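In what follows, chain A forms one complex with chain B and a second complex with chain C.
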Partner chain A sequence: MKTNYYITKDGVLRRKENTVYFIDKTEQRALPIQKIYAIYAYGNLSFTSGVVSYLAKNGVPIHFFNSYGFYEGSLYPRETLVSGDATIKQAEHYLDGERRSILAKLFVEGAAKNILRNLNYYSKDTNSLTSYIEKIEHELGQLPGYTTIPQIMSVEGHIRDFYYSALDCIFPAEFQIGERVKRPPNNKTNTLLSFGNSLMYATVLSEIYNTQLNPTISFLHEPFERRFSLSLDVAEIFKPIIVDRVIFKLINKNMLDETDFSGDIGNMLLSESGRKKFLQEYHERLSRTIEHKGLGREVSYQRLIRLELYKLVKHVLGTQKYKPLVMWW
Partner chain B sequence: MISHTDVKVTGTQINYYFICTTKLWLFSHHIQMEKESDEVSMGKHIHETSYERTKKNIIIDDVIAVDFIKKHDGIEIHDVKKSRKMEVAHRWQLLYYLYYLKQRGVSAIGVLDYPLLKKKEILHLGDSEERELEKLIQEILALVSSQMPSPMKRPLCKKCSYYEFCFGGE
Partner chain C sequence: MYVIVVYDVNVDRVNKVRIFLKQYLNWVQNSVFEGELTKSELSIVEHAVQELINQSEDSVRIYVLRSDKYLEMIEVGTSKVDVSEII
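Now for the complex of A and B:
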């Protein structure tokens, strides 16, 4: 089984025969090539010659993040699963306003329904969430009437605002979000959200690489927003399922302390220990499995991302309408 | 009679036609899955161990891919298979190779080898097979140029590389 490698320290990647080594002052860690699914680099990573092309040849993407945990870029191997038909159909769905908005709405709908699943989970303990849940449901009800991307995006924005306000009702004071501030994040939870959302983006991108989808053609987000904007679209569905739940766990189980953050209010980042804790929980969650009814077998959360992309391929090919994943468990 | 210049069908397509039309369609539209399944590597293993000294993987015009060719009195096209589960598909695939070669003035016979079962099956291309193949080619071309056939779950799906693609959305 291949796995993701997360490198949080500065160091060098070197290739020796069929093994890639991560080397720094204190250790030398072997990453056998058949085992690497993707590499997430959070430190300053340098390479000795040969390792980059070797990783690319083996279809391993490397995702780079800066000290805030913001996504910086990827070494994205040359696509091998290319289908002219699929690309043309995907582009068609972008160019045709009606078809584009159908998909854009489905991404917002899927994200919102997963957000509601999260809030309903908490509302068992507290009634204060009910009014936010109603507001989100109301927003969701407006969606079918909208057709333009800015309208659809504004629904998405409102839903997120209500969601974060709802979370503030249950989070301890130290972790209140207040307003969502991204660059730079101004408080602890904003820091966690930025870190997790960047990670999610890269994870989805790794999955897109293994399909016929073109990562630069997106529907909800504008293709010029980010180089691989389709990742942004699909990440919307998975942020509540994966990132938010990691954050809930870290906060609710009191797993974070002052040493896990550095910087000041207004310019806060995760320290190395904070990053490690986050990545560990994130990885644990991606690897967690659930029973999939259609397949009659267990699949990991990470695999669910791939299945979501397959659904999109089928949608653009015109065989089966896309229905976003809503947590059924 | 189809002129041989417009036949763009490959042996794999003939084979898939008998296994699953969804698979045929996906393959023909270059929707391929990333992983080599264990089935595939098992197949490779058999090739490598059973027929080490013969020339293998002969590819002609990107249409034919067979394991080896023998020449005695005539030409024998050999294809190595591990089980007879997909026998019909194997047989038509090999008959199609014979047909394809015949169009180019080469007459040959086909041999399906099942080393694990220690069995062989010899195939000759007759008139009725030729007519059947011509119909088949037309059907495949029509199928590939229309909408993707909806997947239908059968026992063989669980081992198919498209399994998650076909049924992961339910």
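Now for the complex of A and C:
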């Protein structure tokens, strides 16, 4: 199994002795090139051109994030899995309004069902969640009647609003979300959500790179220029499974303290220690395995993302209808 | 599977072995490498090491564990490396 590396410090990345070295004032770390799946860079990194071409040659993408933890861009190796057929079919599904809305609805449905799984888990302890669960189920029930993308997006927005209000019933006062505010996030949980969601987009992008799909052609989100919006679509399904659960764990187990955040209310950031804690949990969750019913073997959560994309490929090629992943465990 | 490689190789060739193993495993001590490998990676490592060493003089031992779950490690003294994925 290849593994992700997350670099939170400032330093230099260089090629040495046929592998990759991370070097800063205090340490020299050799990363085994054959075991690197992707690099997530949060610090200020300097590169040598040697390391860039070596990573590209070995198919390793590097994802960059700014000090807010927002996704900035990726250094992405040359595409090796290109299929004109798949790209044309994928674009066809975007251009045909009906086929596009089918996919868009499925993404929202998958996301909502996973959100409900999360809430149902907590509703065992707190009865106050029941009304929110009903509201989300009601919204979900409306979905089949809608056909336009703005309508579908608004369902998604409402579900998220209800979800976050429901979470405020569980979270301690310090971690109330209130309203979801981005760019910059204004409180602790919003900071965690922004950080985690950006990370999720990059993780999905790494997986898209390993399939024939074109990351710029999306269905639920608009394929704006200069954005890999397909990863936003697919991330919707995985945010409740991966990011939200990391946040639940960090908050409910009291793993975060004041030193893990920096900045004032209204302009909150994760500090270096906070980023490390988050990345540690995130990494652990991606590597966690579950028994897959269809495949009859253990697969990691990261692998589930790839399997989801394969289902999407099959859907656009018309061999098998796409059904979003809903947690069965 | 989790693999531990220890080697006793003549100085003339030891660097070659070390540099090769660095691509696949974490260097934990002089002449000791550890890490997770797939079956195919293990056979690549095994064959490459075989090519690099002198069969009559050098010795390389590869300990293979089904998973690091079955490994209990007791470390005494100061750890020379950090193998965590979060840097």
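Descriptive notes on the structure:
FYI, the second predicted complex is superposed on the first by the 326 of 329 C-alpha atoms of A that agree within 3 Å, B and C clash if a C-alpha of one lies under 4 Å from a C-alpha of the other, contacts with A are read in each partner's own complex, and residues count from 1 in each chain.
We take it that a residue touches a chain if its C-beta (ideal position, glycine included) is under 8 Å from a C-beta of that chain, and two chains touch if they have at least 3 such contacts.
Computed from a prediction, not measured in an experiment: that's the story for all the values here.
When the two complexes are overlaid on their common chain A, residue A:G294 makes contact with chain B while staying clear of chain C. When the two structures are aligned on the shared chain, A:M1 is found in touch with chain C, with no touch to chain B. By the touch criterion stated above, A:F22 is placed in contact with chain C alone, chain B being left untouched. When the two structures are aligned on the shared chain, A:K314 is found in touch with chain B, with no touch to chain C. Residue contacts after overlaying the shared chain place A:P150 against neither chain B nor chain C.
In the superposed pair of complexes, A:A86 makes contact with chain B only, with no contact to chain C. In the superposition on chain A, A:P172 makes contact with neither chain B nor chain C.
Chain B meets chain A in the complex at residues 29-34, 147-148, 150, 163-165, 167-170.
Those residues of chain A whose C-beta lies close enough to touch chain C in the complex are 1, 3-9, 17-19, 22, 27, 29-30, 32-35, 276, 279-280, 283.
Partner chain A is touched in their complex by these residues of chain C: 19-20, 22-27, 35-36, 38, 41, 81-82, 84-87.
On the chain A side of its complex with chain B, the touching residues are 59, 80-86, 210, 212, 292-295, 299, 303, 306-307, 310-311, 313-314, 317-320, 323.
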